[in-house]
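Consider the two complexes below, in which subunit A is the common component and subunit B and subunit C are the respective partners.
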Partner chain A sequence: MIRHLFKLIWNKKRAHSLLIIEIWASFMVLFGLASLLVHNLSNYREPLGFSYEYVWVVDLNNNQDTVAVAEKTQRIIQRINAFPEVASSSRMSDNSPFSANTMNNNVERGNRKTMMDFYVTDEKFADVLEIPLASGRWYTPADSIGKYRAVVINQKAKEKLFDDEDPVGQLLGDKPKGNDGSRQQKIVGVIDNFKAKGEFMTNMPAIFQQLDAKESYHKKILVKVKPGTDAVFEAKLVKAVTAMATGWSVDVDHLTESCENRHNLTLVPAIIFVIVCSFLLINVALGLFGVLNVSITRRRGEIGLRRALGATERSISWQFVGEMWVLATFALVLGLVLACQFPLLNVFDLASSVYVIAIIVAALIVYLLVTICALFPSRQAAAIQPAVALHEE
Partner chain B sequence: MIKLTNIEKVYRTSSIETLALTNINLTINAGEFISIMGPSGCGKSTLMNLMGLLDAPSAGQVEIDGRIVMQYRDKELALLRNQQIGFIFQSFHLINDLSVLDNVEIPLLYRKGDATGPRSVGASRRQLAQEALEKVGLSNRMKHFPGQLSGGQKQRVAIARAIVGRPSIILADEPTGNLDSAMGNEIMAILQQLNTEGSTIVMVTHDETMAKKTHRLIRLFDGAMVGDSKLISDLRFGISDVSAGNVISEPSNPKS
Partner chain C sequence: MLTNYIKIAWKVLLRHPFYTFITLFGISLTLTVLMVLTSFLDHLFGTHYPELKRDRSIYIQMMTQLDSVRNGRSQGPMSFKFLTKYAKALKSAERVTICSMFNTSNAYVGSQKIDLNTKFTDADFWKVTDFDFLEGKPYNEQNIANGDYVAVITDDFKRQYFDNPSDPVIGKDVEIENIHYKVIGVVKGSPITRILTHADVYFPYTAPKSNYQNTGMRGNYIAIALAGDKRGMKAINDEFQGFIQRIPVPGDQDGFKYYALVVKSMPYLESFVGAFADGDSGLKSIFYGVIGFIMLMLMGLPAINLVNVNVSRILERASEIGIRKAFGAPIRTLLWQFIVENIFITFIGGAIALVLTLIAISLINNSGWIAHADLTINVTVFLVSLGICLIFGLLSGVLPALRMSKLNIAEALKA
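Take a look at the complex of A and B:
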């Protein structure tokens, strides 16, 4: 019977072409949506790699003041640490967790090269964000005077550059060159994940470089406050900092709110996409439903004939459902040809498994959709009285 | 054998009740070739539908090969239709999107395993369909589509489809109605041949000439059986003249 249905649909392929295109388009849209959702969901299931509760970001801006910026920054940090409400603090580059700023560059090791997110932080960064170490250690003040610049990488970076080899103690990058005094980097520790842009971010290869206290450029301070610390302290903190550095401005963000905002940046477009897709699918479903209804009305004679030749009500019903499955299969074959290009050509740099799961999910939804659309009309077809249908033609 | 006892068929709508058949008592023996005649609207097709198990009578009893089918469920009726009955229609009822061979195969697609053999598999279905088409002289048109055939050829395809499952009963509803006399004669010859091979054939016709070629003529008028004549055109006896008409009753006024 399956072969019979394939023949029936294939021989009417021209008449069915618009229907096939409609199902194909639905599949492609669903594939896109499923890829987005699967990608975000698989990211969400990966641990974030750090804790941001009770952590505030104090963003210092020296504005026009260019005098002793690094020293003033260090004094501000010391003042912040002196508050009893503060558990610990850490100075870092502008790309603090959940911020829109990104720093990345290619890192080479031998003939391997990978794009990594760069973070410049001081020694207390791991403590403030409670980042567990997978191996090695975080850098210490003693590392700042070493021959090499101490760096910590994450597990993803290790996989990209070292495979199963232990990276701790290994050197990264070319030998020093130029006159800026830059040092070759030495890995002192490895952490697991670090998804700075939030739960929905891909766990990218990351490298943490030790911040030089004399640098004036990096002026973001992560402040871990004690539980129960409220907005009154925030005002007190801002007042104290602005009093210390005249002309400077201070912004304070709470990482919990930044995280929520960051999630919304991912979730809102996804939700809009889901709503748009839902409307599209409803339209497609109504279209299929209408086409099937018309088709059944036009094929009453055939239905009567099949009943006369031995088809039960059930087999008539299944024939129409089966025909829709065959149509969906033709559309999916076309869709698969296109969808398979995404993992093969590594479009959007997503894992192949995301596309594979998305293809399966989209195909299942398409089959479910056509089945639901076919069920009612197919029951109508089954209810047609053969004696009446045979004499209508 | 088909046996109809006290058959009555009433079509009801919310406002009208139409008596299509009344008090039909008819026994058709295995191997008979029967024609049914009567004016349009007299209930010929309704009677065929009841014999073909495509419709249920409002009253009375239908027996096929000794089995009373009144209590049969849809599945059992479908099985009986598939294995015991072949249908031929005036308008052929071929599926235009399938080739001749695929059209002929259709009854075998619904065949389930039972005493007549296991579920038809693809190759054996194809073989049976080819044999049926050879029997009606269309072995050279298997790959053609219905739209590429003449009326006579289409009806021969319909006959091949009716006989492919080797049913014991063939019900033909005006099989020559859409054909010219030459093609009609060709179709009639095939039906006569099938009858000589053992098939029981019931044929509805408006054509007296065609009816005279059968063994027995049933006449209907206003839903009642008004004549049941034994003809001596039985090819088994090599005679082709009508011998006698046996009128059962004068038409009363069965419509209500």
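Take a look at the complex of A and C:
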């Protein structure tokens, strides 16, 4: 039966080539769309790793004031913590969650090397963002004077550098050469996920270094406020901070808002893409439907003959649906040759499982599409009375 | 005769409403997507309020410092001092402005928080750009020299900050981060997509927190140089690149030792594509390649569809062609009939697309997705894409019909 269908199509390959091109092009568009959606969805399924409700980011900038910056920053933090509306606060580097800033660097261990996101935070970071520890502990004020610089890594970083080994207590990086006060890093804890750029971002390897309270460079403060705190308090906070340090700029952002902005960066293009693609597919479906309709009217004689020779209604409709499936398979083989290049050449740096799922999803949709388009005309074909059809002939 | 053809075309369209729908859907969908897309690109890169002189402006917005092996790089806007020395001194430019990238800030009114973008500019900024002043005037050299605490605000910010938005607000006070500024002018707001000129509040660069005193090469400032006419743009670029080449390398910037220094001075579109493709010609061609491929797919799929439907339907017309030939119609007349029919349906599709595009654009403009969005229909793009649809329609509708009209009458009648 299938061999027969192949033969039927091969005999009319010129007439069918346009159809094959059309199905091929729809497959490629669907493949692109599916890759994008599968990639984002598989990221979305990973837990975020921290909670950001009621957390504000206070961004300080000392501008032209260079006198005793570190001391002023510490005083500002003390002042913030003194407000009854503030539950807790933590000072960190510029790359706060959902911000546009990133810091990354290669981290080596023996002969293994991986790109990691770097965060410089103080001891209360895990507490403010409610990050659970998988093993070990978060660094404490006592660590700041130890022989090693205390760091915490995430699960992803552990996988890249340690496999099944327990990383807690291990050292990272080279021994410092000079006497410049830099210390070798020692891992004190491991956390699970940390998707700092939002739900749709890849869970990247991350390393958290303890912030030196006496340095003046990192001046972002995460402030966790008590529920129900509003803009009146925010105004009071900004006023208090600017009054303490003349010439400094203060910018307050709510993590819930910046998280939404981050998500929109992913969602808006995806939604536009989905809308455009679905219109394209409706267009293609209508076209296929029309072409099939025309070709069935033209093949009435053939259908009448088959019916007269004893073919059932069902086998007639299956013939047309089957023909479309064979056509779609031709197109898919062409499309697969192209689509397989993406995981093989590792374009766009996505996991190859994303492409595989995308190919499967796109292929399924293509088959579904041609089946729906073929079903109605094939029913019509099956309803043809052999006597009438043969009489016309 | 023409009215006759149109009458026939109309009857043909009505005979099979479903196929007519497919054809019209394909044509209007393609045109709509293309027009909305190009109108968005035009919104991003075209010459629009407040940068009405963008087509003759040179943008200097990014400095790249490369290390010895050209692997490590440090990139970003420049310091006020650097731009004053090299950009402000351009003799071939009619006028040069230096302004900061926008900073985020907040203002508070009662229990309301207003998210703000602030920008520090020089006095020339108001002459290089064409903001509509609804009230007051821009700050001038005198305000800057005095270090006045003045601000130009947008109508948007005025509406949010002041109780009675219909009252004039010139001379009134706004408080931002504990500093009081006097409102000197109110301008019509601009969309955030014009990121080099957009802000909610504009300050003279001598106002507090502008960091114009920074001594290094890098900072938060960019420059826009205005040429007298389009031909003058190359002269500005040449002069500026001459300055840049004379800067001694290697040098040191905040501990980053650089061995090469690149500061691009280019028209808006190039400076933007360059900014995220790193000015690398390979990446640039990939960028254009991807856009081209998407366009091809967007145009290609409906085009194949149109051709497909038309080609498979042409047999329907065989008997009609046969009868007309039998009554003595020459091939030329038949050809004309099909051409008119195709033009007719393409124009109907075009008209539908125009309406759909207008709806889509007004939806985007009013959705608040981009504040102050001012998307418009680009007539050239509309005509070009209408032309492309026509070509596909003619190829797929007229060519098979022509082939058929050359058949023998008897055969055509039989089919």
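Heads up, the rule we're going with is that the second predicted complex is superposed on the first by the 384 of 393 C-alpha atoms of A that agree within 3 Å, B and C clash if a C-alpha of one lies under 4 Å from a C-alpha of the other, contacts with A are read in each partner's own complex, and residues count from 1 in each chain.
One rule holds in what follows: a contact is a pair of C-beta atoms (placed from the backbone, for glycine too) under 8 Å apart; a residue touches a chain by one contact, two chains touch by 3 or more.
No experiment lies behind these values; they were computed from the predicted model shown.
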item: First, second, both or neither for A:Val291, with subunit B first and subunit C second; value: second
item: Partner chain in contact with A:Arg306 - subunit B first, subunit C second, else both or neither; value: first
item: Subunit B versus subunit C as contact partner of A:Leu19, first or second or both or neither; value: second
item: Touching partner for A:Leu338 - first (subunit B), second (subunit C), both, neither; value: neither
item: Partner chain in contact with A:Ala383 - subunit B first, subunit C second, else both or neither; value: neither
item: First (subunit B), second (subunit C), both or neither touched by A:Val250; value: second
item: First (subunit B), second (subunit C), both or neither touched by A:Leu267; value: neither
item: Subunit B or subunit C, by number of subunit A residues touched; value: C
item: Complex interface listing, subunit A residues touching subunit B; value: 1, 3-4, 7-8, 11-12, 301-302, 304-315, 385-387, 390-391, 393
item: Residues of subunit C that touch subunit A when the two form their complex; value: 18-19, 21-22, 25-26, 29, 33, 103-106, 108, 110-113, 177-179, 208-209, 211, 213, 297-298, 300-302, 304-309, 311-313, 315-316, 369
item: List of subunit B residues in touch with subunit A within their complex; value: 45-46, 49, 52, 54-55, 74-75, 78-79, 81-83, 87, 89, 91, 93, 95, 97-98, 102, 105-107, 109-111, 122, 161, 165
item: Subunit A to subunit C touching residues, read off their complex; value: 18-19, 21-22, 25-26, 28-29, 61, 63-64, 230-232, 234-235, 238-239, 242-243, 247-253, 268, 276, 279-280, 282-284, 286-287, 289-291, 294-295, 298
